[in-house]
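Scrolling down, you'll hit the structures one after another.
What follows is a pair of complexes built around chain A, which joins chain B in one and chain C in the other.
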Partner chain A sequence: MSGHFLQLALQNLKRHVWLTALIVLAISLGLGSSMTVYSILRAMSADPIPWKSDRLLTLQIDNLGPDNRRSGEPPAMVAYRDIAAWRRDHRGIRQAGMYEIGVSVSTVDAQTAPVLANGRATHTDFFTMFDVPFIAGRPWSAADDEDRANVVVLTRSLAARLFPSGKATGQILRVENKDYRVVGVTGDWEPSPRFYDVGRNGGDAYGQPTDVFMPLETAAWSDIKPNGSVSCPVYRVRTTEEFLASECVWAHYWLEVASVAEAPKIRDYLRAYGAEQKRSGRFTWEPLTRVYDVPQWLDYMKVAPDQLRVATWVAIGFLFVCLVNAVALMLARSSRRAAEFSLRRALGASRRNLFLQGIWESLLVGIVGGAVGLLWTWAGLGALRGLVPEAIVGTTRLQPAVLALTIALAIGVTVLAGLYPAWRVARAADALRLKSL
Partner chain B sequence: MLRMNQLSKVYRTEVVETHALRDFCIHVKEGEFVAVTGPSGSGKTTFLTIAGLLEEFTSGQYLLDGVDVSRMRDSQRSRLRNEKIGFIFQAFNLISDLDIAANVEVPLRYRRMSGSERRRRVADSLARVGLSARAKHFPAELSGGQQQRVAIARALAGSPRILLADEPTGNLDSQMARAVMELLEELHREGATIVMVTHDPELAARAQREVHIVDGQVVDIEGLPRTMQPPRMAQDHGTGVSP
Partner chain C sequence: MNLVPIFASLRRNPLGPVLIVSQVALTLAILLNVAGIVRQHVERMRSPSGLDEANVFSLANLWIGQPSAAPALVARDLAVLRATPGVVAAVSTNGVPLSGRGGWGTPIDTKPVDLSRQGILTEVELYYLDEQGADALGLRIVQGRWFTADEVAGAGQVGAPGLVVLTRALADHLFPRGDALGQVVYMGARADTIIGIVENLQIASPGNPSVALENTQFSAIMGSRLAMNAVNNYVVRTKPGAQQSAMKEAERRLRQANAQRVITQLLPFKETRHNSYRANRALTAILVAVNLLLVAVTALGIAGLASYWVAQRQRMIGVRRALGAKRLDILSYFHIENLLIVGIGTLLGIGLAFALNTLLAKSGVPRIEQVYLWGGMTAVLVIGQLAVLSPALRAARVSPALATRSG
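Right, the complex of A and B next:
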């Protein structure tokens, strides 16, 4: 019977081609708009490291005091002195401080022009904690961290740019007029959003990709300043030593715990740490402490802004309006075919047969509507390229999951929209008289 | 073959109650050709609709081929309609964008029947009405008489136990009407059971017997309800109405 219904559905779509085209247009427009907005929302609120995002924790402490809280919360970044203390306490299985740097990089033979690279000063655990792949070499060692060794890790693209004809590992690079040895080259790796470096309202989450990594202490003691914001309670810092010992906040701190069950222990630890700092006289206030895992952190930092969520609801509302129109058009199409349905009933079709015929037609319209809706989504994302940052648009390419969701949603909502017209047809055919056929 | 006992059909709205059929009794035997006549609004079409299992009745009993249809579910009634009843309509009611063969095939599509079996039946039915050569034509390419013959072929394709014809010649000129009527008579001679609703006394006279309906009841020629007539009188008039 399914083949028969499919055949009937195809015949009827061809018979009422303009009305069908209007229904497809209504459904596809609603889908296209909602899926465009959803694609952006999905890209911006996606879990960038789902296999361990609930075991990766970032820590905050209220070291700037109540007057410098933002919406009653401690600063998003932390001071180096806390990073150093937390690393010493070693409460996670891996931990790393980190800050963004911008450095001039060139080869020692000066055969290539210096490159202004976006970099990250961090600790060696960064690579294993965030599962950064290596295509050559390895991360620097913990001893390199302690020794403030002049070593760097390059990304594949920067390595290819600086050493186009040979391997990069073991080579010497000049970074901000000092020589560094390349110990490793990372493969393609750029979590999106870049959760470990997000600013308030998602700032930097889709910024320039990282090109070069170096040990945090090496960078700090080489006077390579943070590329991002630095917030200090008072500006009386003159030397690097004073800067690192100050309350200035300019870095992030992440740690990995062995299991989710460990997270409460980290919270307890941080509360105790804050209390201890107050007892020692560092704070005159009761310091707030916060521990977030990756999804909580992205949510707290509003990487996907509220306006986008509102836009998603508006798009869903538009889809609903389109569906209501589609239902009206389906009803109009059904009423034009009432005589045929009555005839089919007289010739032996049950109400169920007529209902199923209506549903099959909806199914077919849904498949076509979904395909056209995908084209609208693709066009919508293309149109957004000029309106939102390239890094965000880059993450919103039509992904297989969105593609599958669009088709599934198209079929689902169209069949849902077709239920009432199909039910009405199945019932109305009874009420018609043979004479009126 | 078709038996209705004390059957009533009442249409109710908030303010009006219309008795389309009341204490309606009829018995059509296998192989009979019965003409159902009566003025407009007498209940002929309601009778045909109920006989065709397209509408439920309010009270009474209806046996089709010995099966009591009163408490059947829609799917059972539909299957019974599909397998035992062939409809012939005044306006032919062919589906305009299906070719002739596909139109004849429509009732067979609602049975779990193989494609080859459907094609065989369609070919046989079209051959029976003399339209084999037009199988791939569309309804608009045929005359009214030919369209009605296609409708008859469609009704025959499912090998029904009874044909219900509603003014089958009503939309045809006299020549075409004659041809269609001859076809129905031929089918009857071959053993088909036919119930034909008509206004035309000439057509009614060509049936084996005539049943006259007035105000939703079967009546004799003088207009008294058949249920009020002694059984002998009913037989004398040859209406075949059950006492």
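Right, the complex of A and C next:
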């Protein structure tokens, strides 16, 4: 029976080819533009580490004072002294301070020109906390952290660039003016957005991937400065000791809790910590404290700009207009065929069959509209590739989920749009209309 | 023209008109809200950086091995750059406008820092430049003067004590009476006298829509010979037409003077500007494209439905023609019908637009301006009339003989 409906539907689409083309055009354009914008929004606001994003927490404290609050909130970054204190208190199952560095890297034989590497100074828990895969070697040890050992972990691409002919682990690498031992090589790992780097001024959710990791204690005490802003309450800080003991904020702190239920305890802990710091005379003000998990943090940092969200709503509004349009045009098409339906009624077709016939036709329009809509999406993303910031070009691919959503929406939307016209046809068609033939 | 038959026919078959009304209303509501966003971005992309954009290039220089003699190395680099043919002036700085590099922010006030004034202080971006700074960036000094060589703090020190140059926007913001020159401003523990005011100098990331456009000019300059032992930014202004050759030659000479460096981001300022506004351009392109399509689809929808109505009412038209209606009467019938339907849609659309505007105000959608209101209304009405023109003309050609057909 459905074969018969399909055949009839095809015939009818062919007979009203212009009107059908108009409907397909409207639906596909609506789908194409909303899916294009949605693809980008989706990529920009995706959960980068969904399996534990609610167990990873970042901490903020108002150590610069009420004067340096941003819209009444504490600074996004934290001071080294707080990171040291929080690590000592050890409230999560894993914890790491971290900051971004830019360092020159070369092999000791100086065969190649030094390259500027994007680095991350952190503690060893970083790798286990963020589930960084290793293809060779392993993270440095906790003892390496405490001993400020000269060790590094390379990412696959930098390892391949520096040691094209052999394995990198165990090799010696010159970073700035000191020699470091390579203890491990990470596999491909780059969460998008890079949630752990967005709070930095000049930080970039889609920035340059990291090339090299080194212990935070090593970097900080060798005076390797953060690659980004440092906010200080006083201007002159002379020595490394002074800098690290100061209230200057320039790093981040993340910890992992065993279960979501632990998160409120961390909030309580941080509040108590702030109160204690005030009591000890470090602050003259009541320090604000904040604890965010990954989704809250991305939202607070406005990683996906609000206006992109607005653009998505605009595109969805457009899709809705296209839908209304399709309903109007389908209605027009079916009314043009009132006589044909009457004839079929007179020849014994049931109302149910006429209704099904209408639905089949919408289904067909939906499939064609969805296919054309995919083409528009693909073209739209291609056109945007030259326009978006370089770092998010990678997100402008047509993702499988978006592909599936487009097809599902196309069919759902057209069938929905076809319901009323089909119902009206089925209701209205009676033999009397034959008179107008 | 008698409106009664139009109303009668609309009442008898209300679904089509209702669909068009809702389509027009939605279209107008979206258009009016998007217009403001697009305008904001275009204004931002056109806002002046304050630099002599055609003749400035910049680069980021990273010293290898954190040399302790960075001040001497930077001084030598500047001498090399300044001696390069075609170069007018060169300077070392902590940040480059529009490049994203910089962002050394600090709160500023006209009184010593007061902890109780939380959240209301103005955030400014600091630039550290030496006596050639104004010349190297091509800044226009509108009041007062620039730093002299003696006033610029020596190597290793950050900012000469006591003196500061502000942008006009910042000076006017802090001293609304326009008497900023010679007054004192406070940043952290510092107190500085304003010795000069430059026309414009934008911050490092002016494309960020969460920073108000006026605030992208909130910069303060301190006299300093900046020499970091890691990354320094060099900004160089060349004679007109000499940029390309000077860029190449400067890079070669720098490498020759000292190979222990990594040079990145060597770019003419025009490219820096282009890169700075990529996200704004992308968003603008998306919005404009979607809205053009929106208008096109709405117009097509009106035309499609109108031609269907014409086909449906062939006999009625024939009868009217046979009873003496002129072609113009038929034509105007369809146009007035369209005007009525689209007009209702426009009115509803304006209401919807303001409702949406209130709803989206938090997400950075600017308030609807009156110009857009009139412009949008007129545009939608005109587009409606144009969309119905071809079906209406077809209707006007219907022969009176059709009235004789039975049915």
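Please note the rule applied: the second predicted complex is superposed on the first by the 427 of 437 C-alpha atoms of A that agree within 3 Å, B and C clash if a C-alpha of one lies under 4 Å from a C-alpha of the other, contacts with A are read in each partner's own complex, and residues count from 1 in each chain.
The criterion applied here is as follows: a contact is a pair of C-beta atoms (placed from the backbone, for glycine too) under 8 Å apart; a residue touches a chain by one contact, two chains touch by 3 or more.
Worth saying up front: this structure is predicted, and the values here are computed from it rather than measured.
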item	value
Combined model on chain A where chain B meets chain C, clash or fit	fit
Touching partner for A:L22 - first (chain B), second (chain C), both, neither	second
Partner chain in contact with A:R351 - chain B first, chain C second, else both or neither	first
Touched partner set for A:R81, first chain B, second chain C, both or neither	neither
If touched residues of chain A are counted for chain B and for chain C, the larger one	C
Partner chain in contact with A:R267 - chain B first, chain C second, else both or neither	neither
Which of chain B and chain C A:K52 touches, first, second, both or neither	neither
Touched partner set for A:H4, first chain B, second chain C, both or neither	first
Angle at chain A between chain B and chain C, C-alpha centres, nearest 10 degrees	90
Chain B versus chain C as contact partner of A:L343, first or second or both or neither	first
After superposition on chain A, the shortest CA separation from chain B to chain C (Å)	12
Chain A positions touched by chain B in one structure and by chain C in the second	435
Contact footprint of chain A on chain B as seen in their complex	45, 48-49, 52, 54-55, 74-75, 77-79, 81-83, 87, 89-91, 93, 95, 97-98, 106-107, 109-112, 154, 158, 166
Interfacial residue positions of chain C with respect to chain A in the complex	15-16, 19-20, 22-23, 26-27, 29-30, 33-34, 37, 62, 64-66, 100-105, 107, 113-119, 121, 158-159, 188-190, 204-205, 209-210, 228, 230-231, 262, 264, 275, 278-279, 281-283, 285-287, 289-291, 293-294, 297-298, 300-301, 304-305, 308, 311-312, 360, 362-365, 407
Residues of chain A that touch chain C when the two form their complex	19, 22, 25-26, 29-30, 33, 36-37, 65-69, 71-72, 102, 104, 106, 114-116, 176-177, 201-202, 223-225, 227-229, 231, 233-236, 284-285, 302, 305-311, 313-315, 317-318, 320-322, 324-325, 327-329, 331-333, 335-336, 380, 383-384, 387-390, 435-436
Residues of chain A that touch chain B when the two form their complex	1, 4, 11, 15, 339-340, 343-353, 430, 433-435, 437
